[in-house]
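Heads up, there are several structures right after this.
Two complexes are shown next, each including chain A; its partner changes from chain B in the first to chain C in the second.
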Partner chain A sequence: MTQQPIDVASKKETEHVNVMKKANYSVLLQIKKNYSAYLFLLPKLLLFTLFVAIPVVWAFVLSFQEYKVFGSEFAGFDNYIKVFESEAFRIALKNTLLFTVVTVPFGVISALVISSMIFGLGKLSQSLFRSAFYLPSVTSMVIIAMVWRWMYNYEFGLFNYVLGWFGIDQINWLGQSSSALWALIIMQCLIPFGVGIIMYLASMGSISHSLYEAAKIDGASSFKQWLHITIPLLKPTTLYLVLLSTIGSFQVFTQIIMMTGGGPGSATETLVHLIYKTGFRDFEFGLAAAQSVVLFVIILIFSIIQFRVLRHDE
Partner chain B sequence: MKKKPYDRFNKLIIYVLLTIFAVVSLLPLYWVFSTSLQLSSYQSKDMERPVSYVDANPPKMYPMGIPLYFEHWSGERDAKKAGNAEEEKYHREMMDHIVDNTFSSFKNLFQKHDVGKWFFNSLYISVVVTAGILLIDSMAGYVLAKKKFPGRNLIFWTIISTMMIPGQVTLVPLFMMIRNFELMDTHWALILPDLSMVFGVFLMRQFMYSIPDELLEAARMDGASEWRTFWTVVLPLAKPGLAALGIFTFMNVWNSFLWPIIVLNSAELYTLPVGLKTLQDANLASFKLLMSGAAIAAIPMIIVFILFQRYFVKGLTLGGVKE
Partner chain C sequence: MKRMWKKSMLSLASLGLAASVLAACNGDEVGSADEFKGKITIWDGPRWPDKDDNKFHWLEAKIKEYEEAHEGVEIELVQVPWAEMGDKLGVAIAGKSWPDIAPVDISGSAVSIDHIEQGVIEPLDDFFDKDAKADFYENALDAYTYDGKMYGIPNSITLHSMLLNLDLFEEAGVTPPEGGEWTYDEFLDAAKKLTFDRDGDGKIDVHGFSTYIMPGYYEAWPFFYKNGGSPLNEDMTEFTFDTPEVVQAIQDLADLKLTEKVAPETHGGIDVGGTFQAWANEEQRTVAMQPWATWAIGAAQGKYPTNFAVANYPTGDSDKAVTIGGVGGWVMFHQDKDANKKAAAADFMKFISTDKEQYHMAQNYGIFPARISAAEMDPFKDNPEMTRAMEMSEQVVMLPRHPEWRKIDEAIQTQLQLVFNGEKTAKDAMADAKKAVDELLK
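So, the complex of A and B:
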């Protein structure tokens, strides 16, 4: 569906190249002729250059500098060495990885299962359930984190109360190192992956019905149809969702600062919270920049691996 | 589109499962509203001291004011019938007390804290950024989709490639830049970087492709200027895309948190999420107060969601890379 317009455009483009060759316009003439196009782009280009492009380049430069109030000094790889030698970074990386490894597969799989269940229903129930699962995603994480902190409360929290039904002792969810990170992971798992559900529903709608008809004639059960038709055809969506939620998970921050502040100790320290602390509490700008570059590289590596793995076995 | 038919039994199971999941998923939001309206002090005649239902153990699953209010309401009616004026007056006072107490924290937030101001800050920043993004990004998306000019692909791919870079990378340099411009602790520090977000350019470019070239040609034939063509032909046709982009921009700005807590210092400039964090940090705030603040921050997005549901779906599926 979305493929079409791109095709049309590229066809137009080749036509355009031919026209250009024939008329033999010089580039300057082209620029002059299209000055209005540049004017249209100007506001975005200015903002983009100033607040995106320059800061990105600056981040890399900064990561090789030691920040001083009056003029920074070139520090070579010192910041990077510090990053990799520091215990805090290793713990933050480990926590972030654990968080990602549990919550991303859980989120994507549950989105797949929930949307598969919704898809077969009537129109009204479909949109009702879709709304119920997407609504939490439009709410600020600040709010979600506040209410979960309340629900995890040791004495008055809903969680310990429910556990009491099953005769399980109260747990100091956020207050002890052994459970704090898991409390955050459980919370993330119980917040529905609304984006995933909507994307899956949209992709399921575009699967041709004739495939299922054919499978039915061959006597395949609905579960088999789901396994052998639906899931393989949803692979591009799955890839997109895994990437999206992995990137999101590596950037987990709001829950941390609202619920635990990285503690107790450094039990829930994550990469972005560490960058925040290094930069804006300790004012070690060079080190924070190096940490963020490392975060970028990690995200990049993960994205490439996922692309490879999910593309390969098609 | 035909759907896979479920037989009745399967359908029942699916409804039950989905309802359970949906309840779990909506529970936190319900809890925000329920706690924000919970009774925090209540003392009837036969109680020794006032009770708070906010931090009751076991937790109260719904605002206790509602049943108590009706209790006193019927009490008042009975007293009236029996002609007991004193009893009647007592029940009426209790009803007033319950209503006052149910909404006390909302009143408190606006009177004793800056929540009204924070709400207004969030609102106007979100509106300004959304309006700006819609204009700037549709202009850029339009020429990137419909015009041919040297450097077009270079510009587009440069912009798109930065979508891959996590926002935290630019955090520190952006902070230093804003400080050098002396924009720290101003709303400009929030508005300018938000206006430079690039996702909208990508989305609008995708959307503008679907506008037929013939229409643009026709406008040009009639002698319309580029700007006029854009304003009177392109923008009206791009409305659904603009709606989707507008809603997502509004939502992102309304909910944004990390950058505002870095650049804002003065309480009167806070946006709602930042203000809520300071309320929570102050530790003076009761849970009822915190949850009322959370409710105030959540309500606008819930209303936007209910009103513009289909654009949420459209925005998500437009923005998704599909191969």
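So, the complex of A and C:
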């Protein structure tokens, strides 16, 4: 009798080892069994390693170096200390956060509302609106930024022209510290979040009709059905879109370089624009790599928080 | 002409401070260009077009000529838009995949003093003896000299000048400054008269003056020198743009918009293209006076035909007209081992930098030659505007060649933007710039 617990423990251990062995064996077996699939994945995997994984690791290595064209030197945490002591980095972080905090919820909510409105339409009009809202996503941000720069132009711009109808003074949209960042935020909010709309429409299509029918029988209004059935069931899509647009928003760059150059003063300086300047204008690649790593960590933290919050009642 | 580019106000000899310049990188062996067989890569930006609108025809023809005379040598031309040249070179330097030869204004932003110190740029002294150097204007050569070594072949000289739209002067009944020389008060008086409501609708249609403020651009800067003063002291240890005379000059230029109302709201903004269009585009012509680098003279004589005159920057308390200049040229990037290749690349650089070529380029591309003999051929004898601009070369000051200049420049220019916005006074802005710049000068 006294031997039993030991037997049980050793038996469990043996089972565990067996499971592990089996698992290892089965992974190898799986690869062997599906080798053609892995063969097809291999080119992409190699490209990913070459163009994504290695540069990411290299950026991390570079962030601990003082970059020199010939013979970089190990710099320890010097670059990171510089990042955290830098006033420019703090300003860029503040601007990027404000940009993200306003544009991401606006983008996702507007995509949800627009796609809900489109979803109820007939097939033809649905396709029409879907294309109309998605097409701008195909346009290069460079083109969009050029058009918007014209719309914000002080003398000939559309906005000031319209304000003129109401007798309101022209606004130097991109030229004043007080308005420049908000001008970029407004622009971002008004560009339809095409990918979001398409994804919401696809997800809505997969919600079972029976749920709505049951709700109808219970006397729920359309709005209540939307609030209590559509929105909760779209949560995985919402999570994905929030993550996607947060990452994109933290990396805002093209608009900045095309429209304001980070100015006036530092009013529209953002993290990626600062990293770009540090790397390619100042040639301080070590510091730029450290800034990138810090940005990576910030995005990671935000993603984890969003994941936890939005996943909560799954 | 020989007086052109007399020693400039800032002694570039002071740049020889750093003692850490790497020695000529490939040992002492000087190769032979004749023995080289292989490929040399050269980058260049678009220049003037031929009848097929090919803006690379000049270099393509030179390459063909050189290849025919040197069997076994292949020269590959990579066409790079000027706007991308700086970034592309930056990436190439970072990846050590640079071309053999590229056009670089060494006082600009594509290559820094830091790169020379790190050995990215090859010294060319082995290929240019004293006699060969004697044909270049001293200042042009100085721009490519660091710690006593020559790091490029000066090819062209540019400077900034004031361009006046004579049609608008006539419309407003203003006489342009005689000989292009004027004081700031005369300039301000003209700017006031040139600001007018053309159609009587109560809105100003034409403003007297406009320019922009952006890191890396210096059209406005000669105004800041008008009372004397410069961004850094002579040994580049101290920020000196906060002296009362400079602060006053900055405030004066901003006040053209803020209090005098002779400049449009966009004055001091960052819209370079829009600013030029407002002066040059026939549909607009809403600004009478703007300062531009010499390329704009060519544009106003070609693509945007304008009735204009070239004038000095107005003088202030110092009674001395000042402008800012730059020197363009060819540099050779670090060569690994082949001494013969280095010699061949230098030989080709010489081949495209002869007095004949510089004369040709001056006539067609609107730049001033860096060679004395090319200038003596008088490329602008039929072009009074370019001749007038060339006379201004005696007023040129060069920007300080500090290794951290791009950061210093940004610290100053971003503060200047706030002054022109009316968000800060020039005094406060330059006090803030001083804090940032002093950190960089430590």
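Everything that follows uses one rule, which is that the second predicted complex is superposed on the first by the 262 of 314 C-alpha atoms of A that agree within 3 Å, B and C clash if a C-alpha of one lies under 4 Å from a C-alpha of the other, contacts with A are read in each partner's own complex, and residues count from 1 in each chain.
Simple rule for what comes next: a residue touches a chain if its C-beta (ideal position, glycine included) is under 8 Å from a C-beta of that chain, and two chains touch if they have at least 3 such contacts.
On a predicted model such as this, the values are computed, not experimentally measured, just so you know.
Touch criterion met: A:Ser177 reaches chain C, while chain B stays clear of it. Counting the residues of chain A that each partner touches, chain B and chain C differ, and the larger count belongs to B.
In the superposed model, A:Leu295 lies in contact with chain B only, and not with chain C. Using the contact criterion defined above for the overlaid structures, shared-chain residue A:Pro264 touches chain C, although it does not reach chain B.
Of the two partner chains, chain C is the only one that A:Lys68 touches; chain B does not reach it. When the two structures are aligned on the shared chain, A:Val147 is found in touch with chain B, with no touch to chain C.
Shared-chain residue A:Ser210: touches no atom of chain B or chain C. In the superposition on chain A, contact is made by A:Ala37 with chain B only, not with chain C.
In the superposition on chain A, the residues of chain A touched by chain B in one structure and by chain C in the other are 153, 155, 279-280, 285.
Interface of chain A with chain B (complex): residues 1-3, 5-6, 8-9, 12-13, 16, 27, 30-31, 33-34, 36-38, 40-41, 43-45, 47-48, 50-56, 58-59, 62, 114, 117-122, 125, 127, 129-136, 138-144, 146-151, 153, 155-158, 161, 164, 190-192, 195, 198-199, 202-203, 205, 209, 212, 222, 225, 236-237, 240, 247, 250-251, 253-254, 257-258, 272, 275-276, 279-280, 285, 288-289, 292-293, 295-296, 299-300, 303.
Across the interface of their complex, chain A is touched by residues 1-6, 11, 14-15, 17-18, 21-22, 24-26, 28-29, 31-32, 35, 55-59, 136-137, 139-140, 142-145, 147-150, 152, 155, 158-159, 162, 164-177, 192-193, 195-196, 198, 201, 206, 209-210, 213, 226-227, 230, 251, 254-255, 257-258, 261-262, 272-273, 276-277, 280, 287, 290-291, 294, 297-298, 301-302, 304-305, 309, 312-313, 316-318, 320-323 of chain B.
Residues 68-70, 153-155, 170, 172, 174-177, 260-266, 277, 279-283, 285 of chain A touch chain C in their complex. Residues 87, 90-91, 93-94, 96, 109, 112, 114-115, 118-120, 214-215, 264-266, 268-271, 274, 286, 406-407, 410, 414-415, 417-418, 421, 423 of chain C touch chain A in their complex.
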